[in-house]
Amino acid sequence: MKIQLINPNTSTAMTAALTASAQHLLRPGNQLLAVTNAAGPASIEGHYDEALSVPGLLQAIRDGEREGVEGHVIACFGDPGLLAAREIARYPVIGIAEAAMHLATWVATGFSIVTTLGRTKVIARHLVERYGFHAQCRGIHAVEIPVLALDQDPDGLRRLMRSACREALERDESGAIVLGCAGMSHLAQTLQADLGVPVIDGVGAALKLVETLGELRLSTSKRGDLDFPLPKSYAGFLRGFAVGA
Amino acid sequence: MKIQLINPNTSTAMTAALTASAQHLLRPGNQLLAVTNAAGPASIEGHYDEALSVPGLLQAIRDGEREGVEGHVIACFGDPGLLAAREIARYPVIGIAEAAMHLATWVATGFSIVTTLGRTKVIARHLVERYGFHAQCRGIHAVEIPVLALDQDPDGLRRLMRSACREALERDESGAIVLGCAGMSHLAQTLQADLGVPVIDGVGAALKLVETLGELRLSTSKRGDLDFPLPKSYAGFLRGFAVGA
Amino acid sequence: MKIQLINPNTSTAMTAALTASAQHLLRPGNQLLAVTNAAGPASIEGHYDEALSVPGLLQAIRDGEREGVEGHVIACFGDPGLLAAREIARYPVIGIAEAAMHLATWVATGFSIVTTLGRTKVIARHLVERYGFHAQCRGIHAVEIPVLALDQDPDGLRRLMRSACREALERDESGAIVLGCAGMSHLAQTLQADLGVPVIDGVGAALKLVETLGELRLSTSKRGDLDFPLPKSYAGFLRGFAVGA
Amino acid sequence: MKIQLINPNTSTAMTAALTASAQHLLRPGNQLLAVTNAAGPASIEGHYDEALSVPGLLQAIRDGEREGVEGHVIACFGDPGLLAAREIARYPVIGIAEAAMHLATWVATGFSIVTTLGRTKVIARHLVERYGFHAQCRGIHAVEIPVLALDQDPDGLRRLMRSACREALERDESGAIVLGCAGMSHLAQTLQADLGVPVIDGVGAALKLVETLGELRLSTSKRGDLDFPLPKSYAGFLRGFAVGA
Amino acid sequence: MKIQLINPNTSTAMTAALTASAQHLLRPGNQLLAVTNAAGPASIEGHYDEALSVPGLLQAIRDGEREGVEGHVIACFGDPGLLAAREIARYPVIGIAEAAMHLATWVATGFSIVTTLGRTKVIARHLVERYGFHAQCRGIHAVEIPVLALDQDPDGLRRLMRSACREALERDESGAIVLGCAGMSHLAQTLQADLGVPVIDGVGAALKLVETLGELRLSTSKRGDLDFPLPKSYAGFLRGFAVGA
Amino acid sequence: MKIQLINPNTSTAMTAALTASAQHLLRPGNQLLAVTNAAGPASIEGHYDEALSVPGLLQAIRDGEREGVEGHVIACFGDPGLLAAREIARYPVIGIAEAAMHLATWVATGFSIVTTLGRTKVIARHLVERYGFHAQCRGIHAVEIPVLALDQDPDGLRRLMRSACREALERDESGAIVLGCAGMSHLAQTLQADLGVPVIDGVGAALKLVETLGELRLSTSKRGDLDFPLPKSYAGFLRGFAVGA
């Protein structure tokens, strides 16, 4: 089974980092196809960046299918374009925010999210509401580091995250940490060791859930709103996105 | 005050129709700048179409500002890209679903939404949740007519809508109708006359709310998540969307 | 279009102040008819005061209609008697709490309310729940100044409000301020200048929304619970409130 | 212990009926003081009637205290003026809608409300939301009989209620019936016998809960919003309602 | 009327204490039958203890019925096995958490819970959600004293509770205290005197509510999920729990 | 990795059936340890049966750990004793209702549950609320077949389930089916083929999620309420359940 790991931002460095932290999680025989968004923002730090990451992401999904992938991971904590991706895709699509939050509810009765910039907290907040976890998500916290600066000072980041997570667990009286950015993926195991509580990285989580859906022979329902898009013409620089018209 | 009416789909016919039904609502001295999305789907009938209507819509907002508009209406019932638009815009941005639902709560304790295709109902459902109106929205109904077919048989549409609205009012025990598509805009007054209850067209509603915010000297908060996007590079066919980088 | 601005308390000074701060917002050709409640409490600072402001308020609405008004504003942040007023009125009725909260959701993803006395916070809290804004209202705060003392020390009040609003924005991580009392109406513009975020005065907001509904030819649904009251006899000192009996 | 049973409407016939159905429930030694509202509507069938029942009801509570009552029941299913009454009263105040709904959750996991007129359903709906029982209240139904007509055809009413309750239990898959009007009080026992499920009359329920609070030496908290009203002047025909001014 | 007070843990000392604090609340003619769980944990301080308190508790209910009791109180704040107990019992069953929370909403618009160990807070939190009181319960607090240590230093406990309650009232802006453990039962009256707000002990509350249901001739609905269990065989050390098989 | 599949009822036939339908889903190298509850009801069809399935289930988990299992599945749709099991277990514990509902939200925006007896629907309803899926679960339906009769007429059951699922999809406008009983496990693939929508069996789902948590090195948080039970004595026939006392 080929699984596509889509980095919705255009930073190839982050794609490489995600691959590094996810690769080893694949089941024997499965294959990871990591792709960087060919269009859009270098990092996703708001509603605007997020919206503009979607066309390239949808293109990547269509390309992936042509290359025979049988599942897709959207590796940005805002789960950009998730439902649109499910509509266009034949195979399962999982977002990392979704994956991390669902997992968190199986290992704790309450969890905290620790993310990058305060301005992105509302995006997590809206996902929590949409996914139904307002009773389980006890707090959303930000370390105020831009996404692309996450890899500049590894030790500093680890220290900062450790103290931010400790404070979150304390203040929220929660039992698990959800990492609020794909760029924090590599920290999951070390933080888990430091904190002694489950620290959940959505990238690995989503990857395994795609494998799981595949093994259970489950995919997106094509009954109703997630059925393939209706054929119609598309115009302008998005002309190519027309489906079966 | 110049107000921009953005049709997020690429159908100029619909833009013309929206202009016709909204024009007369403008306050003396104000000016309507109707624009058709230059990129994306001919009609918006799902998550995929909606996501792909956003880049062109955001471009339109930036162009509008350069042309001196002081307010924007997003004329699609899914309120596509609403928060991204608020982030990029200096002036107020109102979506028609939002506008119609808010108004409905001021003229009735419960309202029904009547939209085009069943597959779009979940989009309205998600907006109802997001805006907080799950207690006031008593039902969402579809007449199963594609958006671009709405103008093919005016009399048939009016009859169909009339009976669909009657059934909705009856089953939902609601007091007002929210029209679930910009393309139904021209029907509001006649249906209101037919049904004897408020029938709310989001296009006119949003237009007036933009005027209202302007007169109250209120615009989007630039504190927090709706502040202008952070400067960064954009790649590929969306290169042009970079902000202040 | 004549619009009636009803001050539900019996303080003529406050009515004058409200008129002063709202007058200039009227559209050309429209006319403001400000009235002071002829019966009830000098100020509304609890459930008891609020309940007892309603009969006079309903009387004012009936008188207003006889004088040809085509819309009503209830200028107390508890929105006293709102549904009863809609039931009796032929034309739109808007409460200032409702108006301010709805507007706040169009300019920010989260807002804070700053009101007078702590004991009134629960009234705002109940309205937030009723209107569906528990996800958008991030906090309710009180400056602990009685309503009628608001105008005693203008500079002190402005300083106090400024710091209370700053603290609210900080603690709630919100993007806009909703003024929690009609008596704070005159502060909106100065506070907005001081704080650099939208500061929303419900009085002006409600006034404009009534104009808006009028221009859209929308009024309260007379289908269902907001239909005119059933004819019946009334007894005692409320004898005069019988409708069509 | 003297308990005051307040009929918020002005129909002495209904007060007599309520007394008849509640009297025998009193604990030995306790005394029932039934009073009819001296001001307001002959029956409460909407927001307007309800709002106008409150002043007389609050007057009754103050009179009751002077006569030594140590608890109050508000015998209208809309629980009119409940919080205002708690603010002014030294002793417990219970509304019959509140009492009936709370009891229903102790004898069934889901209940149905059967009330008089469809136009009053939204009042029950708002109470369900306010009290927190949206998950337990599975339906609200109306038999479309005016409050004052309830006693015109006893046998017909019983038959009608029986079939309406049966349909409600069936459609809502609920386990108990809450009677949605004080005027249905006398039917509780017979309907319970007919239907074989708990049928809950709020009048009796509220009466017993007031006794219970008294025996537990519990009364309304005077900390915060339910503390006695602040002293202030009252004007006009409500002049007499001023408290400690 | 004989009422059974079930202590779901196996501490006879606590049973004695509960009896002492509840006995005097019984109505003349009624009789208290206090029983200690014959199987399970010495104290209930988590999900595991709670789950394992249920079989003995259900046995106690069946024994109670044989001894002619006509109502049951489950005297542990987690309301263990409440629905199972209602299914098996012919007569009303009330849990003390349920009883205390419901009462609290009649004497205050917001209440705080003060319980023993932090690890049990989530149990209270889940009950608050289940019962529908998330808008009324403003906070859950723990004094970090094990259940069985509650009686070791009476004066210290009272001082500790007093300050914990004061802090809770302050931080939560609540008007009443709900005691979060049966073992705090004896403190209700003294704390109420100390704090000047209603302090609610669920044991007494539940006892009175059982009497109330009895006097109203109401019992658990046997229509639907609370009907007597279906007859079937039981195996192993629970063999004896088979019903009518 | 050894995974324990616990059948909480005492029917060895059902355990065999579950093993048959789950066995093939195991990843190479992993091993399934299916156990039948040694104590409790032959089938779980209500709150009472469910509560009494828990002690044996908890015993099975402790036994499983001693036999080296590294994950547990609770194979009853009520997820009996889930939190108690997580408290006592060192390794992940997943319930099949939880697993099925979570998966359903990744393949459809709305799902329907089809279960055995109507009286068990409230159990599913409570889980939906607890897990946060009230917006995604659009309906719960029952075929009114006792759990142990599910295997009596395979063809009849398949026909019945097929039509019940079709009706559910239609009425609920949902996109996926969640099977509401472990005993329906073997029907998932055939129904999925018949209906053309995802049909989710919680047994397989839970099994794969346990594998997934294991591969991600995630287990239950031992911080807070899911930490190992506090040491204390246990009495009576549950004496053996004492932990570390």
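The chains carry the letters A, B, C, D, E and F, assigned in the order they are written, with residues numbered from 1 in each.
To be clear about the criterion, contacts are C-beta pairs under 8 Å (C-beta built on N, C-alpha and C of every residue); 3 or more make two chains touch, one makes a residue touch a chain.
Computed from a predicted structure; not experimentally measured.
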Between subunit A and subunit D, the fewest steps along chains that touch one another: 2
Fitted rotation between subunit C and its twin subunit D in degrees, CA, nearest 5: 180
Centroid distance [mean C-alpha coordinates] between subunit E and subunit C, Å: 44
Between subunit C and subunit B, distance of the C-alpha-averaged centres to the nearest whole Å: 28
Touching two or more other chains - residues of subunit E: 83, 86, 109-110, 118, 121-122, 129, 135, 173, 224-226
Graph class of chain-chain contacts, one of line, ring, star, complete, other: other
Pairs of chains, among all present, that meet the touch criterion: A-B, A-C, A-E, A-F, B-C, B-D, B-F, C-D, C-E, D-E, D-F, E-F
Subunit F to subunit A touching residues, read off their complex: 25, 27-28, 83, 92, 94, 98, 102-103, 105-110, 131-136, 169, 173-176, 189, 192, 196-198, 200, 204-205, 208-209, 211-213, 215-226
Subunit D contact footprint on subunit F (complex, rising order): 118, 121-122, 129
Subunit F-touching residues of subunit E, taken from the complex the two chains share: 10, 37-43, 45-52, 54-56, 58, 81, 83-84, 86-88, 118-123, 126, 129-130, 146, 148, 224-227, 229-230, 232-239, 241-243
Touch list for subunit E against partner subunit C, complex: 109-110, 135, 173
